[in-house]
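Each remark here refers to the structure printed beneath this line.
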Amino acid sequence: MVDKMLMMILIPLITAFLTTIILKQHKVVWTLFLAVSGYLSYTLFTMYGAWDLTWSIELGYKIFDSNLVLSLANNPLGWFFAFFASVTTMLIAMFSIAFNDDKHDSKTAPIWLILIFANIGIFFAQDWLMFFGMWEMMSMSSYFMIAHGKEIPAKAAKFYLSLSLVGTSTLLLGIISVARLSQTFDINASIDSLINLFATDYNKAILYIGLFAVTFFIKSAVFPFYMWPSKAYAESPDDFTPFLSTVMSKYGIYGIVLFILPILQNADIPALGQINEPAYILAVLGAITSVLGTILAIFETDMKKLFAYSSVANIGYIVMGLSTLSIIGIQGALFHSINHMVIKSAIFLSLAAVIYRTGEREMHKLGGLAYRMPLTFMVYLLGIISAAGIPPLNGFASKWLIIQALMSQNMLFVVIAMIFASTGAFMYLFRVLASVFLGQLPDKYKHIKEAPLLMAIPMTIIMLLMLAIGVLPGIIMKPVNAVLIGMGYDVQEASWTTVHSAFSNSDLNVTNIFYIFMAGAAIALVFYLFSAKSVKVTQDDNYTAGELPSDWGTTPERFNFSYGFYQPFKEMFNPMMDLISFDRWMAAFGKIVERISNGLSVLYTKSEGAILMLYIGVAILIIGGWII
Amino acid sequence: MFNINSLEQQDNQDKLWDKVINYFRKRSLWMLHYCTGCGAMELPPVMTSRWDMERFGIGPMATPRQADILLITGYSSVRTMKRIIRTYEQMPEPKWVLAFGSCTVNGGMYWDSYNVINNLGEYIPVDITIAGCMPRPEAILDSMLKLMDMIQAGEAKAFRKYKENYAYYKANQDRLFMERGPVLESAALRYVHEETEGGEA
Amino acid sequence: MMTVFNIILYSLFAILVGLIFLGIGRKVAARVHLRYGPPFYQSIIDVIKLMSRESITHNFVMDLGMVMALTGLIGTMLYIPIAGHIAFESNTNIIVIMYLMAIGHLGMAMAVSASGNPYANIGVSRALTMMLGYEVPFFTVMLGLIIYNQSSSVMVINLAQAGSIWNWNIWQMPIGFIAAEMALQAMMGEKPFDAMIAPAEIASGPMVELSGRYLGLGFLTKAVGVFVETALIVNFFFGGGTSVITFVIKQLEVFLIAVIFDNIFPRYKIEQAVKFLWIFPMGLAVIQLILLAI
Amino acid sequence: MNRITVETLLQDLASRGLNGEKISEQQIKVFASKDNFVNHLHYLQTIGFEHLANINGVDYIAENEFEVVYQVYSYEHKIHIVFKVRIPREKPVILTVVTLWEQAQFYEQEVHEFYGIYFEGNKDLSHLFLENWNDLPPLRKDFNTEEFSEKLFGSKRHGGGK
Amino acid sequence: MNSSLFLIIIPLMGAFIALFAKKANRLMAIVITLFMEIFSIIIYLSGKLPVSVEIGGWQPPYGINFVLTPLSVGFIILINLAAIISLFIIRGEKSYQFYSTYLVLLAASNGIVLTGDIFNFYIFSELTAFGITALIAYPKDRKSTGAAIKYLILASTAAAFLLIGIGIVYKTLGTLNIADIASKISLLDPLTLELIIILMLTGIFVELELFPFNMWVPKAYLGGTASVNVMLHGMLGTAGAYTITRILLTMFTVDGSGLLVNVNIANSVIVIALLTILVSEIAAFNEKKIKKVLAFSSMGQMGLIIFGFMIGNEQAIVGAFYLVVANFVAKTILFVLTGEFIAMSGSGNWEDMKGIGRKHPVAGLAFVIGSLSLMGVPFFAGFWGKLGLIQGAINGSAFMVVGIVIVLITAIIEGIYFLKIAHTLFLEKDSDREYLSKARVHSIVIAAILALAIIAIGVKPGLIESNINSATDEILNSTSNYIDIVFPRR
């Protein structure tokens, strides 16, 4: 039987190579892309349970007096993330076949395939070097994907690149220092060695975990590094943004669950209340990320930037869930990362369809698209309902789990931050709905058509997926339990409908909520149908105190109230916003480095300094001899 | 599902159901004040504790979409008439119009003014007109009760008149608003100044 | 079959009680103005009149939104124990109720902003900002309750207060009650915090384009909303009541407190309202939390 | 500037060839000719009368003349001048004062609309209040409003409304 | 094994003949270099390698001897490979002066690597200096002549220091043979030893492009044509790396510990190396001219290699050797391609090279692979060097941790500017600019082959594992086994 793992790695690479040659016919290229992601999802599906499947390659590089071996193994955690990531990629691939017609083709299929190859590698890596190799490959190819050969995206991608390079070098440093401890690059061995290190030298262990944590935080845009998504998501190609925001933000989460959680779980660390100190820092960081992400999202006017910050906020929820270290918390976090994948791909796909049709990204220039693109509107509506965590759909169950876990661990202020963020989420989600899909339809877009068929299919599939997970959370909870058992937690069998809580008799039957929702809908419909008929009225026949808007020359765009949607709320935060703005500090730092580099290169151009520098060198050698 | 507002069905539907609905319509009337002239001052006393219009379920509303009654409380010049008609048309069926005081009905003291219309009834169907150069609150309350009885009896069908002979109303309205030639012969006396550089209207 | 009958009974009960509350509220307001005011069943008449009137609609989203609003609130109502018994046998969870209420707001907001009237959008943006304002303190109070009773189910909280009047939560957590009361004032959109339906400034805000049956549905949503919010407060602080009548009376008390405040205070600007909500009720709630946590 | 009283002002104006009458302690009436009234107004503006309250017309149909009245007021001297200028009714043309006061633009537009007086030098004399009006300017005495109202609004004497 | 003398004599004779053969110069040069390459590969595979060849039968302390070890012959192969590539990418017909100086340069660089005698090493390094100055000055425009003169001044001062050093060594120890010096070095009193080390190092460091001594590097690379750049980096750079192993790690080290006799000097050398890395990478960050960027980057790489050798433990030296190989291959790709890109876009700034990657996808891809390997991205050759370096440094003293941090930071900076350049290649071409010429096929082919080599080494470092291990064993206890090779009888 051909080695599945090897095939899963080779096929994306071969197709990447193939597509570079036939890059001209974009239809064929993107169908190939869909075929590959379809194949991956299928093989992964068949691999559920086959935890013994491994593949390794011997590199012949002598280190730790043994030959270096890189290996991939199918483990529950890796499989969990890989399978759902490849399902989402398959749906996005179907979307991008239609999206990349001759006008929008971003010619980035080969790079994306390399990214998928790296994606599989990261999730199944068994030793740190394979992990690091795939991680670096992923950040490089994502840089080229975001920049995709255009001027402005290149600037945004440069900021992302510098951050991810910092991440990779801290990762390398971390890997080597941990490998030195356990004399092997194997991940599980390094976890055990780090746990006993906690006993001996606490500060050193925290430093090593810090190195790893920095990389994972950068990639998942947790608090100190929350600025890059708004630039990177907005500028990347529209059909790549769903992949970027859903799958790629999960690498950091995977890293935390793979490495940091087991250590914090087993190592004996001085506890602060019920949970240990580093976990509390993790919780606080998660809380700040979600609150900051929500507030920044509320003030954004570009819809893709807005949802970039929304993804940052959702990552904050997941990190908060993980930081509780309790079974419920981790279940909630894993469930939410999959929910976030489904929801964000739905939202970003519908936005991509809007941009595909209108070519406009600023919200206040759009309006009333629901009447022209009803399906996209429905997909987006269900997307924001579940993103806001409203019961019948899938977003609710995972948020509920995380809140329950946080409460049972008595992390009160973190719960308050979570509630502030999820209510705030409701604000910016509705803002996009109101300014893009509802309100007045500008004359420019009077005749735009619904998204093409190939785009509509994936969107509807995701919509049904959201409903299905919302009604039957078991679909995701069963694999989540498999992961938890794999990580050594004793957790009881997940049922198809109910979700368990840490509190006494407050388990939740999610399907029940769906029935209640249906009952409510039935009664409301009765009232609706028993009342008098309504007359359809044109869009500009509005109450304007008797004036005719056209008398005063107000075009539909100007008649929409959507530019300063939360202006009073924004004014409350303005003083605080100017005070701490990471973007300004980062830009200033960039400027300083550029000024130094100019200074140094000028130093080289002047010729007369050459001999003087030589003698300075000799002086260094002489002084060096005495002092150091 | 019954549809009570399409024109044809309404006439042959004086069954019990209509009576019941009329009772509810009578007991809950919402007013939209179109305060043009001096009549607006008469309404607050009617609504506050002295006469308390709300006892009968009558209350002020902000938008034509929610209002049942349109109160026009004074003389209306040509420009105001344009706004009144637009507001009237924005109100859903069944709707009623109350005209306040003599100015609205026959132009009152502005009967011979060049821009005040003399008869509101020509432009929109009026259900009840209240006499008085600004009627006192008692008169207003009395007219409200009269309107309620008419609704109960099912006779307050002015809004259907607007639909039935819309052409008539439209013609009157166009005469006011549409471009028209000089009305009097004296227009010829206009002084047209030939500017040394260019002509002037 | 029982549950279907149960649902219909509960929802009709809730709608009727809600409308009567609104009627009584208008009567009390009139009494404050030293006038008689409409009969207590006036709201019922208004709703039936609205349902029978012709209405205008701009697009299908308005219909979808209004129906969704009522669905959300009836769904929430079915989830709350009324005087001990509950329509659905599944346990009642506070967090679920919190999120279910959001459907009502979303539906209403969506329907209203689909009408394309700038007044409506301004009203909605104010309503959502206000929601952020009162949601955080309200949940902090509930957090205190959950931690205090170590369970997030309303039934358990009810049973904990069963005995005499003295072990109602209002005595155990007075500060929490005051905070919840302020948050309730904003939640029901009563005077100090009704910037979203400010008739004078933005022509009744979101309801500007709603006519006939949509306004009727809006009225029903408000009625059920009042019923739900007061029911929550009664369940949390007034011991949930044994018989339905005492439950409704307690609800009426809570509602009347809000109505009286409504008639006394002028209106806050939206940012003043949010600042107020984040300082006073939130501060009290946090103090309550700390007291409980110790 | 020290405050000037009504008497000193009248003497001052008389010396400039304008005959004025005192109406009350704070108010005087001045008659000026059509040709040089703008210079006088400019002089008045310089000595403190910087507020032009209004410009309105009067129709002396008997004397076959129009009269344009400029109400000028000084905050400093607390004196209100009614500055009258007579122009023939057949050729009602007068110089504009927009150069002295900008807000005169609207007053002159109104006077033109209701009297038909043409203000030379005023760039925009379009309609301000009346919509699609092609008749005689309504405030002229020879405009028969009753007949107009009869024809347009169909009014009956003693309100024989429908 | 006397035939190894041919490695020096044949190029010298070729240089002389080149004066007369007008047309056939280019062909002759290619033939000679090809012969050199094949001959050295034969020697490498002949198996009787660690041998010392006495010239003219004289015993080593008195006569000159060539030392042929897997290390030195390996370096010779690299040098000749760079020579062949630079010949292939010569643009336009060159007159005889070019070829004769080139052949002299080839002979001299072979000589540096082979010779076992310190004075002989000094003569050959002088020759390379003159050769390279002539080649840089070849285009005869203001820029290149200025660069040549600047290099000449610096190289001659360095040579002077070297000569004085050798003089002192000769006076105190009486011998010029490296192995002999290495055995007697410990008898010297520390002061004179320190003086000798400082003088010798200053001489070598100029050629090794280390920070205070490398003022000539950017102008030299900017002035020379693409082929001269390949020579400068491929031949001189590799020869320089070899001299470090010979002079520093053999003559002045105490056996076994692999550190300099006088530990303080070793630390200051590390400081200089780190300074070079830091200064060169930051200078390259905001540089507009692509050739200067590559010049700074090659300085940075040399600093890394020397830092690797200086750490001294076994892992670091393996890393350093990997870096030498990876940097050699990657830099050659970049120089070959930059030659093409500058010819195509007409201006030296990388910002004007938009869209070249789209026109020649293979060239663009090779450029990306080259820069990724320089950055030390895994699955590319450079990564194993960086890994070994950090692995070795982390076992070293606390002072090494500062080194690691600098290496990582500079890797980040290098990553940013290299990928920025790589991406501008793939940007859409601005409509107004037209390309002057198409890139030449054979240079793209060379670049592609080298890129494949990088990926091969990156994925399977085992390929060159064996030769690198043999070279590192030789370096580790270098003094003792060097002396055994030269004086087997003792």
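Labels A, B, C, D and E are assigned to the chains in the order they are written; within every chain, residues are numbered from 1.
Simple rule for what comes next: a residue touches a chain if its C-beta (ideal position, glycine included) is under 8 Å from a C-beta of that chain, and two chains touch if they have at least 3 such contacts.
Quick caveat, the model's predicted, so the values are computed rather than measured.
> Identify the chains adjacent to both chain A and chain D in the sense defined at the top.
B
> Can you tell me the least number of steps between chain B and chain C, where a step is a move to a chain it touches?
Minimum step count, chain B to chain C: 1.
> Using the touch rule from the top, point out the two chains with the most contacting C-beta pairs.
Counting C-beta pairs in contact for each chain pair, the top pair is A-C.
> Could you tell me the distance, in whole angstrom, between the mean C-alpha positions of chain C and chain E?
Taking the mean C-alpha position of each chain, the two centres sit 79 Å apart.
> So the centre of each chain is just the mean of its C-alpha atoms; given that, what is the distance between chain A and chain E in Å?
The computed centroid separation for chain A versus chain E comes out at 45 Å.
> What is the distance in Å between the mean C-alpha positions of chain B and chain E?
Averaging C-alpha atoms per chain gives centres 98 Å apart.
> Centroid of chain D to centroid of chain E, CA atoms only: how many Å?
98
> Note the residues in chain B that touch 2 or more other chains, in rising order.
4-5, 63, 65, 92 - these are the residues of chain B that touch more than one other chain.
> Where does chain C touch two or more other chains at once, residue-wise?
52-56, 203, 208-209, 211-212
> Considering chain D alone, which of its residues make contact with at least two other chains?
none
> For this structure, give each pair of chains that are touching.
Contact pairs between chains: A-B, A-C, A-E, B-C, B-D.
> How about chain B: which of its residues touch chain A in the complex?
Checking each residue of chain B against chain A gives 1, 3-5, 63-65, 82-84, 86-87, 90, 92.
> Give every residue of chain C touching chain A within the complex, in rising order.
Touching chain A from chain C are residues 7-8, 11, 50-61, 63, 66-75, 78-79, 87-88, 90-91, 93, 95-96, 99-100, 102-103, 105-106, 109-110, 113-119, 121-122, 124-126, 128-129, 131-132, 135-136, 139-140, 143, 146-147, 150-153, 156, 203, 208-209, 211-214, 216-217, 220, 269-271, 274-275, 289, 293.
> Note which residues of chain A are touching chain B in the complex, please.
529-530, 532-533, 535, 541, 543, 545-548
> What residues of chain D sit close enough to touch chain B in their complex?
Within the complex, chain D contacts chain B at residues 90-93, 116, 118, 120, 125, 130-132, 134-138, 142-149, 151-156, 159-162.
> For chain E, which residues are in contact with chain A within the complex?
146, 150, 153-154, 157-158, 161, 194, 198, 201-202, 205-206, 210-213, 215-219, 262, 264-265, 267-269, 271-272, 279, 282-287, 292, 296, 315, 318, 358, 361, 365, 372, 377-379, 383-384, 386-387, 390-391, 394-395, 404, 408-409, 411-413, 415-416, 419-420, 423-424, 426-428, 459-463, 465, 469
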